[in-house]
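Two complexes are shown next, each including chain A; its partner changes from chain B in the first to chain C in the second.
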Partner chain A sequence: MAAVAPVRRPKRRSIPVGRILLLGFFLLFVLWPLYWMFNTSIKPSDDYLTVPPVWFPSAPTLVHYEAALFAYRGLDGLINSLIISLSATVLSALFGTLMAYSLARYNTGGQHLSFWVLSQRFLPPIGIVLPVFLIYRGVGLYDTHIGLIIAYTVFTLPVSVWMMFAYFRGMPKSMEEAALVDGCTRWEAFWRVAVPLAAPGIVAAAVFAFIACWTEFFFALILTSRTAFTLPTVFRAFIGFQGAQYGEAAALAIVSLVPSIALGVLAQRHLVRGLTLGAVRG
Partner chain B sequence: MAEVRITGLHKRYGAFHAVRGIDLDIRDGEFTVLVGPSGCGKSTLLRTIAGLEESSEGTIEIGGEVVNDFRPRDRDVAMVFQDYALYPHMSVAKNIGFGLKARKMPKPEVEARVAEAARMLGITPLLGRFPRQLSGGQRQRVAIGRAIVRNPRIFLFDEPLSNLDAQLRDEMRGEIKRLHQDIATTMIYVTHDQIEAMTLADRIVLMRDGLIEQQGAPLDLFERPASTFVAGFLGSPRMSFLPGTLKLDGSAAAIRLADALLPVAPGRTLNGATDGQPVLLGLRPEHLTRAHAAAPAQGTFRYDATIDLLQPTGSRSYATFRLAGSPVMAELQAHDVSRPGERLPIDINMNRASIFDAKTERAI
Partner chain C sequence: MQYTATVSRMKAAGAPPRLSSFAQWADRHFKWLLVAPAVLLILALSIYPLLFSLVVSFINYDFQVPGHGFVGLKNFERVVFDPVARWSLLLTAWLSGVSVAIEFVLGLLVALTMVRSFPGRGVIMSILIVPLFISPVIVGQAWTLLLQRPFGPTNYILTQLLGQEVTIGWMTEAPWLYVSLIIADVWQWTPFMFVILLAGLTAIPPNLYEAAELDGVNAWQAFWAITLPHLAPMMLLALTFRLLDAIRMFDTIFIMTGGGPGTRTYTASYYLYTVGFTQFHLSQATAGSWLFLIFTALVVTLLVRRLLKAEPV
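So, the complex of A and B:
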């Protein structure tokens, strides 16, 4: 019998079952709490704890949003949080960039200053919150926006500095030197060459600082009361002696997510872009 | 256009003494190459001239003006960096025009000068691109464009070709030489590559351990090296060094290498030489040729060599043999020799040979 030539089967595209399962599970893991939170925020109060759960309310309602934003002053908290977090983020990025550049390029303070900066975060916040509270009350910063902005700037600066320090360290010096020879002052070389190149690092540090400020609870709780209170502190009102206000808590949580997600989307492009590509030999 | 005068220059980094007292005069329009092994201080010297490093001691004058306390931007120099140092966030046109803009030149003039520089370097079609979209050679051209557009008093080059592949390096070397011929501005060029130094320089400054070992026209250094270091650094393949002793007999001098006695060319001055002094005889491959004439010419020593290593390059063959126990390389015509083990008469041109003191390794 003549040997039969092996028939070459067209290669079938295999379905990556494992990958789909893994991604599906991960998606469920991430989205389920969001769904639950959103669902709770539009459920009438009677549907919170039913068995079986109400998967989607037949009569969605916005009453919890109204209550959370106005009755519980969630909107004021949101505005305060935006003012304080954005200001602290900008200041932290500004000072962090300047300080990190100085550490990276001039070796300011020798080899120990940079680590000393980071070491400030080793201190548990509870260790300083009481003295800070007393000082703030003494100098009139208690329950003010500016007071919390200062506290948050100081609080986020070590991480901003450290992130930017690493970034500047990794950037070749020669481009700034070329700018100096080309006719720039030290400041212009920093501003027109180093800063644009460090943009991805600055954005990353800023996002980090913003998230830290946006979610900060402890300092806000101690250092503010009726005026400069931030969004996270509003949440504690939802667990009171009338029981838990699930709907209002969920509604405010949804609202508080919006800026973080918007920031993430805006910053993503910068976070990913590698600007230094092609600068030096490739 | 300007001359450069460096007097008593030192540079220390903490305990490390990178430049240890340099005196150097560079004439207006001269192409000077600072060459030496890595760590010899040549880049530090260049960066000090640019103002990117502060000198620890000594003065730097550009165009008759002491510039020690000038910022880099006020020295009116342009520099091409080893890694090109293009600004990655700017287009090629912006890169080239950056220095002019930084000096507040009106925009139409910036554009005109950028266009002219781009035309000179043949990179006009690239003006709208970004550095990451360019090849190595194109980036190098942009970096040179950024330097020439400013029309500076001095050009500084810090190993500009070392990141390019061999073929492109040859090409760019020619272009830099042509650029110097065209614009005739003072250029100071750092390299560790002796071929670049020999081909580009009006004057070579050969450095070693933070000091100038020898300076002069390329052929002067090549033909009359002041030390074994200079002799060994310039020329490829390297000069061969043979240990021997000097024989002085009245006006005639010779070098004894084991059983061979090689007469020193008559009329050659031997500074401070003494009879029996241990010396090193330096022979370049091109000082040795296959003997064709019946008798050796004046100043030539004939030796019956047994070739033990042959390296053909096509047009030439490098043949290694032993002379008084030491390996010597001869540059022969390809048809002079066919295989290792061959015996052939070699003429050694003692007129061009170098003689060094064996202890100090300085030329005598």
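So, the complex of A and C:
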């Protein structure tokens, strides 16, 4: 098996055919659904059922985008998603940074508090969302932006806290200690010294919180209906119909995946920390 | 006390004592004030709902049966003796096990091809991680577009490749709909394995391989003797994280099969969703979700405890 040759070997003997094939196949596997979705989104409806399929639409059209955004309320979903994801991201990054700093510098609550937060990450959402649905209906937060913002803030907090926890632990204390000696309060040492130094980490944590909110479906499905619905829940409209709405579904998908992919690729330096909640530096 | 030490140092340095009594109080309890918002939010929206659902699972809370009387273990019994519930738990374990295994092997292979730098590696890296940033709903939608008869091109491509007519109902016929769900999951999450394993691979000191090569060790032996043991903690971490997410599987099923045909693609999350939100047996669903929670907790304690002891980094 050529693919399992030792890594970083200085000599190059021959062209690694096995590797190129494997990587090429995998690249094709990743790109193919994306291409087909894009292709479907600009394909006239007449081209849906031809044999052989239309690989490159000869007369590309934007009608599906128009229908998806307006007739299917995709634009409303997009705006809701933006409002809810951005608000939850800001809150999550803010509260997460506050907590992470306290955990990292003052060892607040020992290991118990930090692992308690981590354990929230592994709770199955179905266990939380059922009672939250009942509570929200009782207090009037069901199908409101505020309700989903709070839910998303809590749902992304473990990631924000742990990413920032790892970041602060990797940062030298000396600057903050110097600030304290110079007469700063602890708040000033945190806000004026530590936070600016940790800014890249905070931005990275915020990006991953945003992507998590932007792509989330389950909470939005259950906690919203006709007012605060987010972009992923709009796809419910396309389930079960045979054929007619493929273009609209594809167009909405393309609109929805552009922001999160752009952000994710820009923040890919922090990806490993984001995926492992700071456990691996990467 | 650290605080008074700071103040005396400030006084010694000639700093004016400028703290109001509130600021002094805030400074003294600083570390608890910082954790307060996050902890209160988690208590309010995670711990309180969990306790509330524990109460609900022992009473009658059903949109079809009026009243909220205490019913003991009846809700739990209904779930435990529901064959669909047992099927869904089995399917959850089976689907997530198979998906994660495939993702692990494929992710490791791709990571091994990406360790050494080569022209275009950066671009390829950026493409390979794209699925991680896409909503599972869209992933389900994308594979629906590819697989669903008669619109999807997959059967046509297979017909051309195999030279005989292929008419597979990818979303409706028994073995194939599981294949479809697994493919969608593998497409989305293989990059997760790949990214973490690649980070682990690049952290292995290269001089180990150089030394091995001097000793005349072949590639396969080097993999077993150097790569595998060094990568083991990272493998455990990737598998644990991935498995804990895989057992929640819901979104792709919702879009691709809707649990059907019948209840054949009910996973645990999908089963509890339908019990709670299409049949409105809310107390039965909360009882079931507690059972699922306990099941998950068992997996967590088994895997995460070991992980924390291994202390990977």
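Throughout what follows, the second predicted complex is superposed on the first by the 221 of 282 C-alpha atoms of A that agree within 3 Å, B and C clash if a C-alpha of one lies under 4 Å from a C-alpha of the other, contacts with A are read in each partner's own complex, and residues count from 1 in each chain.
Here is the rule we use: a residue touches a chain if its C-beta (ideal position, glycine included) is under 8 Å from a C-beta of that chain, and two chains touch if they have at least 3 such contacts.
All figures in this text were calculated on a predicted structure; none of them were measured in a lab.
Asks: Check whether A:Glu177 is in contact with chain B, with chain C, with both or with neither, and answer first, second, both or neither.
Replies: So A:Glu177 only meets chain B here.
Asks: Should A:Pro196 be classified as contacting the first partner (chain B), the second (chain C), both, or neither?
Replies: first
Asks: Output check: A:Phe238 vs chain B and chain C. Expected answer is one of first, second, both, neither. What do you get?
Replies: Touch status of A:Phe238: second partner only.
Asks: Look at the residues of chain A and decide whether chain B or chain C touches more of them.
Replies: Here the partner covering more residues of chain A is C.
Asks: Once the shared chain is lined up, is A:Val161 touching chain B (first), chain C (second), both, or neither of them?
Replies: second
Asks: Contact-wise, after the overlay, does A:Ala151 reach chain B, chain C, both or neither (first, second, both, neither)?
Replies: A:Ala151: touches chain C, not chain B.
Asks: According to the stated criteria, A:Tyr246 is in contact with first (chain B), second (chain C), both, or neither; which is it?
Replies: Touch partner of A:Tyr246: chain C, not chain B.
Asks: Check whether A:Thr185 is in contact with chain B, with chain C, with both or with neither, and answer first, second, both or neither.
Replies: So A:Thr185 meets both chain B and chain C here.
Asks: Classify the contacts of A:Phe95 with the two partner chains as first (chain B alone), second (chain C alone), both, or neither.
Replies: second
Asks: Where on chain A do the contacts with chain B and the contacts with chain C coincide?
Replies: 180-183, 185, 275-276, 279-282
Asks: Once bound in the complex, which stretches of chain C touch chain A?
Replies: 6, 9-10, 13, 15, 19, 23, 26-27, 30-32, 34-35, 37-39, 41-42, 44-46, 48-50, 52-53, 56, 61, 106, 109-110, 112-116, 124-139, 141-146, 150-151, 153, 156, 187, 190-192, 195-196, 199-201, 204, 206, 209-210, 212-213, 219-220, 222-223, 226-227, 234, 237, 241, 244, 247-248, 250-251, 254-255, 258, 268-269, 272-273, 276-277, 282, 285-286, 289-290, 292-293, 296, 300, 304, 312-313
Asks: Which residues of chain A touch chain B in their complex?
Replies: Answer in residue numbers: 172, 174-175, 177-185, 188, 192-193, 196-197, 275-282.
Asks: State the interface residues of chain A toward chain C in the complex, per the touch definition above.
Replies: 1, 3-10, 16, 19, 22-23, 26-27, 29-34, 36-37, 40, 48-49, 51-53, 94-96, 98-99, 101-103, 105-106, 108-109, 113, 117, 119-120, 122-128, 130-135, 150-151, 153-154, 157, 161, 180-183, 185-187, 190, 211, 214-218, 221-222, 231-232, 235, 238-240, 243, 246, 249-250, 253, 256-257, 260-261, 263-265, 268, 271-272, 275-276, 279-282
Asks: Name, in rising order, each residue of chain B that touches chain A in their complex.
Replies: 50-52, 71-73, 77-79, 81-89, 98-100, 102-103, 130-134, 136, 139, 146, 150, 156, 163
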